[in-house]
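Report on the structure given below.
First chain written, first letter: the chains are A, B, C and D, and each begins at residue 1.
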Amino acid sequence: MSYGTTFAAWRDAAGQHWPAYTEHAFVQGLGDGTLPEDCFLHYLKQDYVFLMHFARAWALLVTKAETHDEMRLAAGTVHGLMNEEVALHVETCARAGIDEDTLFATREARANLAYTRYVLDAGHSGDLLDLLAALAPCVMGYGEIGTRLAATRSSDRYIGWINTYSGTVYQQICHDVGALIDAAVARRIGDAPQTSPRWPSLCDRFTMATELEVGFWDMGLNP
Amino acid sequence: MSYGTTFAAWRDAAGQHWPAYTEHAFVQGLGDGTLPEDCFLHYLKQDYVFLMHFARAWALLVTKAETHDEMRLAAGTVHGLMNEEVALHVETCARAGIDEDTLFATREARANLAYTRYVLDAGHSGDLLDLLAALAPCVMGYGEIGTRLAATRSSDRYIGWINTYSGTVYQQICHDVGALIDAAVARRIGDAPQTSPRWPSLCDRFTMATELEVGFWDMGLNP
Amino acid sequence: MSYGTTFAAWRDAAGQHWPAYTEHAFVQGLGDGTLPEDCFLHYLKQDYVFLMHFARAWALLVTKAETHDEMRLAAGTVHGLMNEEVALHVETCARAGIDEDTLFATREARANLAYTRYVLDAGHSGDLLDLLAALAPCVMGYGEIGTRLAATRSSDRYIGWINTYSGTVYQQICHDVGALIDAAVARRIGDAPQTSPRWPSLCDRFTMATELEVGFWDMGLNP
Amino acid sequence: MSYGTTFAAWRDAAGQHWPAYTEHAFVQGLGDGTLPEDCFLHYLKQDYVFLMHFARAWALLVTKAETHDEMRLAAGTVHGLMNEEVALHVETCARAGIDEDTLFATREARANLAYTRYVLDAGHSGDLLDLLAALAPCVMGYGEIGTRLAATRSSDRYIGWINTYSGTVYQQICHDVGALIDAAVARRIGDAPQTSPRWPSLCDRFTMATELEVGFWDMGLNP
């Protein structure tokens, strides 16, 4: 499923940072089942808190929308993040004896905090495009990783995670967010966005968020 | 249905501004059917734009939440505002030949703009309580008006409006928002909030938003 | 002294709203001395509160700056607004027996509140350009009015006001803000900004703020 | 010189994190002159960018002020940070052949980014007190370190740094910010702030920012 033309261009501009994120050792461990259980649980707890702040960033996007479509998709994403995407985290952690209130109160690792606060500041300091460029690596990267692991995994140990991100619901989100980004870009910087003076700084936003994803996986490997 | 103890105290503190809002001539005209059609349509168009900015303010509240409950209710309210509460507006205006894109592009009247931007600034300049105090008059006032008109109306001309705000769905929202406010107040300024140094400024926020509601009805009478 | 090419284009796009603001009856009354004293005092008190919120908006611009020059000019403007531009207000009101704490606590008129909260929301919902387009009518309009009244006034009754805005210090601010706007536009939407898809919405921001200036003068005539 | 009672209580609540910051190996190296030159230069470049974002955070505080004194001190601090506190950085780096534009464009280290974006989000998600609690460790910690190193240093190698933070100008800032915090606390949560339900979360803000200071020194040691 296509994630849009802007995303493809931003991913190219991120160079080697993109595979450093999407083919990270943590990801390989999800696919071949070698990721230790305590790393996965540590990651899930941190990722739950990440998703709460990520939902805050999508809510910030609602406040920065100019069209009905932008508002509606952003509001729907806040809802989806808080109710659907976290289901895997809540259920897996519940089986490990961790309830949702405990999850919500998880002390953030430094790499986690750095990432979400960077995204939120992208929104506060810039406009909707600056925020979207910082949000895109997480949304689409997980979509890419899920799709690849669904096709190439050699173990079913983390099949729940793989199914979540390769599944129809999540892939549709990636598609819709990709279309939103393309429309928002056209609306604000036109049909040849790569000629806009804003293009380099949007690429920088995307690349920095991609680097922060790498830091997040690194953190996951060090519980 | 109870809207909570904080709301009751804020309403008392608003003095004569509260009945100036909830018993405004526009409201009487909804109940006895004397409100001219063009006033109602003018109001609905402005109120549609109001609700979009009001949804932005509830989205801002998501970004300022400290608990899971606060986040969840705020996110649910954004969803409800954009999908349920506007249904009346969209349908009524559609019957008058106005589609939703046209509604979304309605030029804001000054009294409309003043109100929503005041609410948004309450959130940006303060914390979640400052924002809730500015949001409460609209949410609960419409709940009170709907309940009263359902019991006392002498005309069915505006029964759609009355049913929306007196209905179970909307009354439940008022109840839930009231409980959210009580919990948010207890969490931040304690069990005797009226002794907090912040109490007067929260009352001022509520009263100013109430006065801006009066301005909104005035605007509705002058299409 | 030139206020820059972007400002000139925005002013043109505002059409008749611009002279409705800069040649308002209130302005004529400043020039020919027919403005009643109580109107002027009412205006000064409201304008003092306006300038505090306007300083908040320039402080918001500091948080949205991308270059050292943008940060420095915005920070300098916050300083100038709070310390220099208000001197006229503070001194005139002091002679009328109103101290600065009382001025700060002035209850905002609706037209005042609507204006500053609109400007602040322009900044929160958009980027630095959206905020500049909403800030420009006040900064440059007062510069134009001051210059014209200095040349054409038939009375010295309000010479203090006229000298403030026609003087070198204020005219330099208008020049510097005009240069900042031109540079910020070039940096974000390029050398042919009128071909950018963002141009119409920037013009709308400028025009709405101009209309809100008209509302402010109207308010000044009704103490 | 006293930095106020609130700061003293927050520092106590930070426990061992406070000396981990103020007596960090980097600090010892400033005092005994053993800090390698490349570490100091690396730190100065990162700290310059830090101060720009710190100035943004103080500008955000201007937008969240409720009193004239709060506005004035915050605006003055933005000015001081951008014009005075960076003088040491600009001059030292100029001697090393790095001009201010290059400094401004320094790529942020992760520990730097994490800290400033955390502070900014404290302001956006909360009120003025939340922001002050996140700003205080940097302001006052440097004041304490400067004073101690001025009295105990065994080397003059970093005397410029030590003089900046032990000097009268900077110590006065610490005193004024301490008084601002005490007044802002009294205004919002009263005369017994430690009994307020908000007290623990304000202490958490202060402690987290203190931990992020430790991370900043760690980063300084690894150029």
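Brief remarks on what is shown
Note that contacts are C-beta pairs under 8 Å (C-beta built on N, C-alpha and C of every residue); 3 or more make two chains touch, one makes a residue touch a chain.
No experiment lies behind these values; they were computed from the predicted model shown.
Annotation of subunit A and subunit D: jointly contacted by B, C, touch as defined at the top. Homomeric contact subunit C/subunit D: same residue numbering on both sides for over half of the interface positions. Subunit B and subunit C have Cα centroids lying 32 Å from one another.
Taking the mean of the C-alpha atoms as each chain's centre, subunit C and subunit D sit 34 Å apart.
The centroid of the Cα atoms in subunit B and the matching centroid in subunit D are 42 Å apart. Contacts with at least two other chains are made by residues 56, 63, 120, 124-125 of subunit D. Taken together, the subunit D residues at the contact with subunit B in this complex read 63-64, 66, 124-127, 130, 186-190, 196-198, 201. Within the complex formed with subunit C, the residues of subunit B that make contact are 56, 110-111, 113-114, 117-118, 120-121, 124-125, 212, 215. Residues 52, 55-57, 59-60, 62-63, 65, 67-68, 71-72, 74-76, 78-79, 82, 100-101, 104, 120 of subunit A are the ones that touch subunit B when the two sit in their complex.
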